[in-house]
Amino acid sequence: MPAFAILRRDLMRLLRSPLRTLFLFAVPLAMAAMFGLAFGGGDDPEITIRVLVYDEDQGLLGQLLQGAAGGAGEQLELVAVGAEGLEMIERGEASALLHLPAGCSDAFLRGEPVTLELIKNPAQRFLPGVVEEGTAIGALILSQISRLFRTELEELAALIEGDGVPDSAAVAVLAQGITDKLHGVERFVFPPVVDLEVTTREATAAAAAPDVGVMAVVFPGLAFFGILFLAQAATRDILHERASGLLRHLLTAPVSIGDYLLGKCLSVVVITLLGFTLLVLVGAAAGVSWGPPPLVLALVLLASLAASGLLLLLASIVKSEAQQDALGTLVIMASSMIGGSMVPLSSLPAALLPVSRLTLNYWAVDGFNDLILRGGGVAEVAPNLLVLGIAGVAFLGAGAFFLHRRLVSGVVA
Amino acid sequence: MNGVLAIARCDLQRLLQDRSGLIWTFLMPVVFAAFFGLAFTGGSDPTTARAYLTVVDEDQGPLARRLVTALEAGQLELNVVAPDQRPAKPVRTLVIPAGFSRRVLAGETVTLRLEKEPETNEPAALVAQARIVGAIARLLADLVAASTAGDGTLSPEALERLDAGDDLVRVEARYAGRVQRVPSGFRHSLPGNAVMFVMLIALTHGAGSLAGERRNGTLRRLATAPLSRAEILGGKLAGRLGIALVQITFFVLTALAARAFFGFDVGDDPLGLWLVLAVYALTVAPLGLLFGGLIRDPDHAANAGALTTLGMAGLGGCWWPIEVVPEAMQRLALLLPTGWAMRALHQVVAFGNGLAAAVPSLLVLAAFAALFAAVAVRTLRLT
Amino acid sequence: MIRVERLRKEFDGLVAVDGVSFTVEAGEIFGLLGPNGAGKTTTLNMICGVLKPGDGRVLIDGEDVWAKPKEVKRKLGVVPQEIAVYDDLTARDNLRFWGSLHGLRGAELKARIDEALSRVGLAERGDDKPKTFSGGMKRRLNLCMGLLHRPRVLLLDEPTVGIDPQARLNVLEVVREIAAAGTTVLYTTHYMDEAEELCDRLAIIDHGKILTLGTLDQLRRLAGEGEVLRLSGSFDQAAASRHLAPIDGVKLLHVGDGDAVLALDPAGPGLTAVLPRLLDGDLAVADVSVQRPSLQNVFIRLTGRELRD
């Protein structure tokens, strides 16, 4: 069977030039490694938010805010700075700088408006927003304290400003007033009547992994991205063989163009499939729990089929290897961007999602997400399998048909 | 000197003949910058990643409405649904349980549930969570205020009468640097992609074509021309630099066009952006020669160049904001030219502090350039 | 014009060129003939200044290549063995680039390009890229690039490898024209007939050493006036030696299992007298061929081997 001879030859060529083969897989692996390196294997964020505190006031507000910040946990790093902090934030050495202007505690005690200044690092994308939110909560609490304990604060201010030792009777009255008012609000605040519990959505199927790391989210997308490139390299071979005269030579053997194309389709699919399998194994070694093996296998098979088909179809409409390089790369890049290979589907703008569904990447990545992240089963991935399968068969068929027509007219005729 | 220019011109001319090379040099950087700029410009606050939140309102009461209002002010991509309309694949879901309003008003503790999917986008999750906590704090504060105002009884009506506008302590937030507009997604995607693609072209196209010239004999033929070795190397270096400068210029001009036609916010200092990238190009050009000189096979040289670029781009902070990686990784970025280029670009693009503020980083880049050039010149064999 | 003195080059302990010396006079076509791997390209590379000699020196027009590389290289045109052209630039762009390296520009450059292209018969294809060319056309473009700046000395390294007879004739024709116009030519080849047809003088090189050097006539005389006889059949080396060595009027050049080469002594009794004695005895000779004196014979005489194409 000539088709199998062609498949065998193509596989041998992969084996004979190991370095070239290695490079074919290197890009998705390197990108996955980078994600792993940058974000660690676990799903606990190791992010530290560094905030400079320029406390010109050195009074009550600074202490209150420090106390409140203590509850924010280890992720918050407060650094006390002087005026030099203003330059540090200009150099981008922290996420934000909180400036408590001189006299702000006194103003607060007197019931005058107080404005705290928060200088954010514009080069950072996320953390300054978190700091701003946190500071706003702090300011809100301070405002409520001010509103609630207006009279007591004024008395406190008078006590602090007065000379000599405060009158103990006055202190006792003040303390009693605070206690009474606290009593009135404690049913809301101690403990807060509204509590927040954060749960990472538990997998519903038993097979799904309990702790999914960053790899589990990025790896399937990157793997499919790499597989598209692998399919591109494999299909480009057809154009190369035609241009270099190898195909003409091959046809001097008792082989028809149909045999040849069947063999090439077979080798493209097998190479892609082998590549995907390899990446799945590497992913597993890196800690990705792919889910129930039969479903993973089906998804890998059909995704490989679809990727092969797409690139074969592209190869059938371009004129040369250079065009295949250019057009193929554009298609791969665009579909990987909007299909969830580069930006997780959960972070894509909502407006892009309908377009995203037009890409093979979406159906492959979403299928893997169903298995890995959502612990889905047959029912969840069935649509993905169906779409990938139909697309694969249709693309392969159309690609082979067009190529056959062109080879017959271009090589034989 | 004429020889240097002739060699440089020839390299540029050859790039223009290479369709795939052109796409990667000119089109891809723009497409990437535009895509990631738009993808990460979300909600009403463009600084944050998209923090999606689906709110399932099982309560339908006045406090739930109040909480939703507070969340809306919290700049999230909010989607409030009834219990029977839960979307199939939500990113984050906040569930307000039935009886929430009644029980809170009665002083009972009610737990809201935030369900989220495991995800990479930890920073976005952090932002979302901070905002939910902020909204709850606002609700609690209102409860306290309403219960202490008037006759001391807490009712929905008392809440309605509250005026939240008179908070005594306010936070005035602004950005460091001279840019007083809210930074857009493009201010992050422009530097990152420019840095990555300038290096990518130098290390793939540059390294590959140099190795190819050695293979097909043109490099040796150059050695027979009446040019000194320094002139030949200078010409090759100038060629790489020229290509990088054309690429950078195209990139910056496209950004300016995007600003003119679509109103994209691409920063206030395109000249500064160009200049920083030009200094960076000085660093990258000899690196391309180094790869092309050390690796014999053109394909392998280009592949190794691509891998190196991906590594340096990822670790240098081109792909994600460097603030979100552990500190050890942030220090690692300072061993790479990409890390310093990003630092310089942040000063110019994000802070708007002008080229002067970027000078320390540019000096580091110049040192990298000298080092790479020295190694490249030493290792490159023409024959 | 070219003076090569005691050139020597080793690569990793392997001596590639071993004490090569020769001179080429102005306007002369000098051939460097030898099999593949004899050291021709290494010698040429040292002459044109891309490979530093391990020992010895090269003077072009009285100047040392390594002392004044630029001045010397300006006088040199080099046509390398590999087709060193940019496949992705048009022929004209390739020439324009190369011309500009030699300081040509403007109208002069354009005129030279047109002249060079038509000289090698590529005038029609100047605006096409070499990747669309046939092997012979690429060779001609390769040659063309070495001629563009009208060098005083032209070094050609096997410029006819792998092309069809027609294109080969064209290349030889061009080289002859160039030499006729006064250019000194150093031509390396492993084709005997090319060397015979083209060169005024030549050196035969093998294993990095010059075996002999002279005009074509001198070399032919070296081969002997007489013809060379080649015997083949089913005999072994020892038997052949025993039988052939004592025969008068021939000189045994080479003997192996099944073949033997003999030179006919011009002063001897002649072919008709010798031939019966050769075939006499129990040596099973199947075939005898007689060759006129040629460089091939010189090479065989010097090395005992045949110089194969």
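In order of appearance the chains are A, B and C, and numbering begins at 1 in each one.
Here, a residue touches a chain if its C-beta (ideal position, glycine included) is under 8 Å from a C-beta of that chain, and two chains touch if they have at least 3 such contacts.
Just so we're clear, the structure is a prediction, and the values are computed from it rather than from any experiment.
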Of the chains shown, whose Cα centre falls closest to the middle of all protein Cα atoms? B
Outermost chain relative to chain B, judged by CA means, is C
Separation of chain A from chain B, taking each centre as the mean of its C-alpha atoms, in whole Å: 13
Approximate Å spacing (C-alpha centroids) for the pair chain A, chain C: 65
Find the geometric centre of each of chain B and chain C from their Cα atoms only, then give the gap between the two centres in Å, rounded to an integer. 61
Multi-partner residues of chain C (each touching 2 or more other chains): none
Identify all positions of chain B at which a residue touches two or more other chains, and write them in rising order. 18
Going by the contact rule set out above, which residues of chain A touch chain B in the complex? 19-20, 23, 26-27, 30-31, 34-35, 37-40, 43, 45-48, 61, 89-92, 95, 97, 108, 111-130, 132-144, 146-148, 181, 184-185, 187-189, 191-201, 212, 214, 216-218, 322-323, 325-326, 329-330, 333-334, 337-338, 343-344, 346-350, 352, 373-374
Within their complex, chain B touches chain A through residues 18-20, 23-24, 27-28, 31-32, 35-36, 38-40, 42, 45, 47-50, 52, 67, 74, 77, 89, 91, 104, 107-127, 129-134, 136-141, 143-145, 147-148, 152, 167-177, 179, 183, 187-188, 299-300, 303, 306-307, 310-311, 314-315, 319-321, 323-327, 329, 343, 346-347, 350-353, 357
Within the complex, which stretch of chain B touches chain C? 2-3, 6-7, 9-10, 13-14, 17-18, 216-218, 220-228, 382-383
Show me the residue ranges of chain C that touch chain B in the complex, using the header's touch definition. 45, 48-51, 69-74, 76, 78, 80-89, 93, 97-98, 100-103, 129, 145
